[in-house]
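Every chain is named by a letter (A, B, C and D) in the order it is written, and numbering of its residues begins at 1.
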Amino acid sequence: MHDELRRQVLDASHDLAARALAHASFGNVSAVDRDAGVVAIKPSGVACAELRAEDVSLVSLDDGTVLDGLKPSSDTPTHLALYEAFGAIDGIAHTHSTYATSWAQALRPLPCLGTTHADYFNGDVPCTRALHDDECGDGYERATGDVIVETLDGRDPLEVPAVLVASHGAFAWGISAAEAVEHAAALEEVAHLAFNAVALAPVEPVSAALLDRHFGRKHGPTAYYGQR
Amino acid sequence: MHDELRRQVLDASHDLAARALAHASFGNVSAVDRDAGVVAIKPSGVACAELRAEDVSLVSLDDGTVLDGLKPSSDTPTHLALYEAFGAIDGIAHTHSTYATSWAQALRPLPCLGTTHADYFNGDVPCTRALHDDECGDGYERATGDVIVETLDGRDPLEVPAVLVASHGAFAWGISAAEAVEHAAALEEVAHLAFNAVALAPVEPVSAALLDRHFGRKHGPTAYYGQR
Amino acid sequence: MHDELRRQVLDASHDLAARALAHASFGNVSAVDRDAGVVAIKPSGVACAELRAEDVSLVSLDDGTVLDGLKPSSDTPTHLALYEAFGAIDGIAHTHSTYATSWAQALRPLPCLGTTHADYFNGDVPCTRALHDDECGDGYERATGDVIVETLDGRDPLEVPAVLVASHGAFAWGISAAEAVEHAAALEEVAHLAFNAVALAPVEPVSAALLDRHFGRKHGPTAYYGQR
Amino acid sequence: MHDELRRQVLDASHDLAARALAHASFGNVSAVDRDAGVVAIKPSGVACAELRAEDVSLVSLDDGTVLDGLKPSSDTPTHLALYEAFGAIDGIAHTHSTYATSWAQALRPLPCLGTTHADYFNGDVPCTRALHDDECGDGYERATGDVIVETLDGRDPLEVPAVLVASHGAFAWGISAAEAVEHAAALEEVAHLAFNAVALAPVEPVSAALLDRHFGRKHGPTAYYGQR
């Protein structure tokens, strides 16, 4: 059942572990087949590195009903909320990667301080507000998704393919599970660069002109980077 | 003699080394068989990575008498004090891991700044007071155990499965040697996250609601994380 | 065609990746054959680690016309500007390596704080000014090269074989692609040392006497380091 | 000639590289046979990782005359000055390891902030004064050795088996080349711990009682650590 979708989640999960973005059983990956209305997602409590194809969970896109595989990640409602709100994304990666999580724990958005950042994110990567106490109840994971959507505040999710969740970690996404992992990896790297930079000087974000140049080199009609 | 107990200490010691939590011959692991009144522990001066099954030391739980194997870790009296005070724990790991030890050297308790922390520790990980001069004499290692117990101050050792020892390092524990190592690894990771976070902003601990949600997701009657 | 030149770029690109100086597809290397008027350079969007000999791009030194191989790096005009201005260099390496880029994002030149630095760089490694908005248009990559030349300000490029590009990363060079990578690696290491040192104390550059001693040990007529 | 002495330097040099304490061709190791009046030392410009037994340099202890092997390390006069002043040491390791060098570049002695430090060093690891301009001339490497001796200021070199050289790096020593490398590795680790600790809090050195306890556990007549 949905072998290709499962394979995407399997490969992306292994990639997340290989890039040292997922400690212990933290971190998970999902992919959606919107035509079939099915989401494949890492099972709960299974380390990304040890995931096997047959264990990948399948749930329905509309209400999260488990269709096959092991019990899905407890973060499944967060993923579903993002797929619902962001129609252009087909893959999600969640990490507690060290530097991205450090900014999230400091409750600070990640400013765009350089071209490495601008190559992937069209401006700052925002950080959610803290969840209210009544959002930490039974609907906690759904509320996490909702606050990510609230935080993106209408910006294009493919131009800002990640959000920091306050006191928690990062959610990144893309047009596939593989791209979501790539964005999670880029986020960790630019979070490290920015951590170091602000330790060296009180520094302002790059100019709009430089941001446009670099984001535009790689994205949209003006792109000229790569073998296309 | 007590092959299974020795095997637990052997495997956990190798795991401690493989996770880069034990430099040189620092770090040690023990496990207790309470029915038999026997503790297995790493021998003194042997690197965790190079430990062999037959070298694991066996000592009596009540007074530390050596029963078999090499000369036990010089920290054995610390382990015995913890087993005596905390009846629910059956494994202990001691490390000088980099970030946990940095907080211990700074004499600062490790605040709960995020959900990664809250998944393992129900609140801050406390740091002991400095030992008094008269506690640095012949009974030094026993005094180290006693000050850990004093520092936990009646909190449930399975809800706070680690303590920072001032100017020294970390002791972590659990229901087995393997779990003790897992807690030592989690402690190092959250110590790193917190080190970075406080460099970025003066940050407060997470709300009680978020702490309860995450600790409760994984522990006790409300747990719903993992394949159970 | 120009197999030896391509081989240099291939080997140096793999070396850049092996030293963890090039994340994702960031980073590129070139080498010039000035007699033939040909530059070999990494193709656009190809990861350094995965580069193959037949994919290395060949372009003309004078105007960048593509002669063979895949589409060249989008940074090619930067490389050509440097070869044009610095007649003594025959290889260039560009990185977003973590610590060098951190200083570049902080817009700070890298001061010479120790002999490790002085062994490679005869004084500080300067940081360019930010590019003006009108330099971020179509001629952006050429402008990047020009501002590097402007920043070197007449200093000998073989005595200061690297420049930090503000909000971007590092360009390093040498008498060959291999030496350019060696300089990029040295830059990253001394950028890390300096990052740590300024966190520990407000520290001044080393004395001219110590700088002269160390740079002179390895370079020019007074050199006595190594097997020569 | 002196195969065993060469073997010690060879093994210790490889160990220094394997522990990531020697970048590029930085770092060197020597060992002395005092009865024969011969010092074996890494050759100049050869990376520790690539050293071969037949290339190890042999020089005379009294005046540095080259006896066999490649041209010796340019730091040979520093090593000879230390062997001359410290009769109890038979091996030396020199590194530019990251954290030790960071303290050296900050011109700060490394305070004893914890038991990891106290297990190896009986108090702070001092940092030399900056060399005067006239010490940076032809006798520079000898002056480096002399300032290390001056800095130790009569303390027992086996109780303080390392010194930070201002704006340069670390020299460590011991009763053998292997022990010198072990001390260089311990220095790097405790320099990292102390770097982190002082970032977290303004922290005082440990008490004399705790220092005595830990240093005495491993050294001298009171030692009870290890399998002895």
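The rule is short, and it goes like this: a contact is a pair of C-beta atoms (placed from the backbone, for glycine too) under 8 Å apart; a residue touches a chain by one contact, two chains touch by 3 or more.
Predicted, not measured: the structure shown is a model, and the values here were computed from it.
Superposition of subunit B on subunit D using C-alpha atoms only gives a rotation of 90 degrees, nearest 5.
The distance from the centre of subunit C to the centre of subunit D, with each centre set as the mean of the Cα atoms, comes to 33 Å. Distance between subunit B and subunit C, defined via averaged C-alpha coordinates, is recorded as 47 Å. For subunit C, residues touching at least two other chains, in rising order: 198-199. Viewed as a contact network, the protein chains form a single closed ring in which every chain touches exactly two others.
Across the assembly, chains come into contact as A-B, A-C, B-D, C-D.
Of all residues in subunit D, those touching subunit C in their complex are 23-26, 43-46, 70-71, 74, 96, 98-99, 101-108, 130-131, 133, 136-137, 140, 167-169, 195, 198-199.
If you check the complex, the residues on subunit B that touch subunit A are 113-116, 119, 182, 185-186, 189, 192-194, 196-201, 203, 206-210, 212-213, 217, 224-227.
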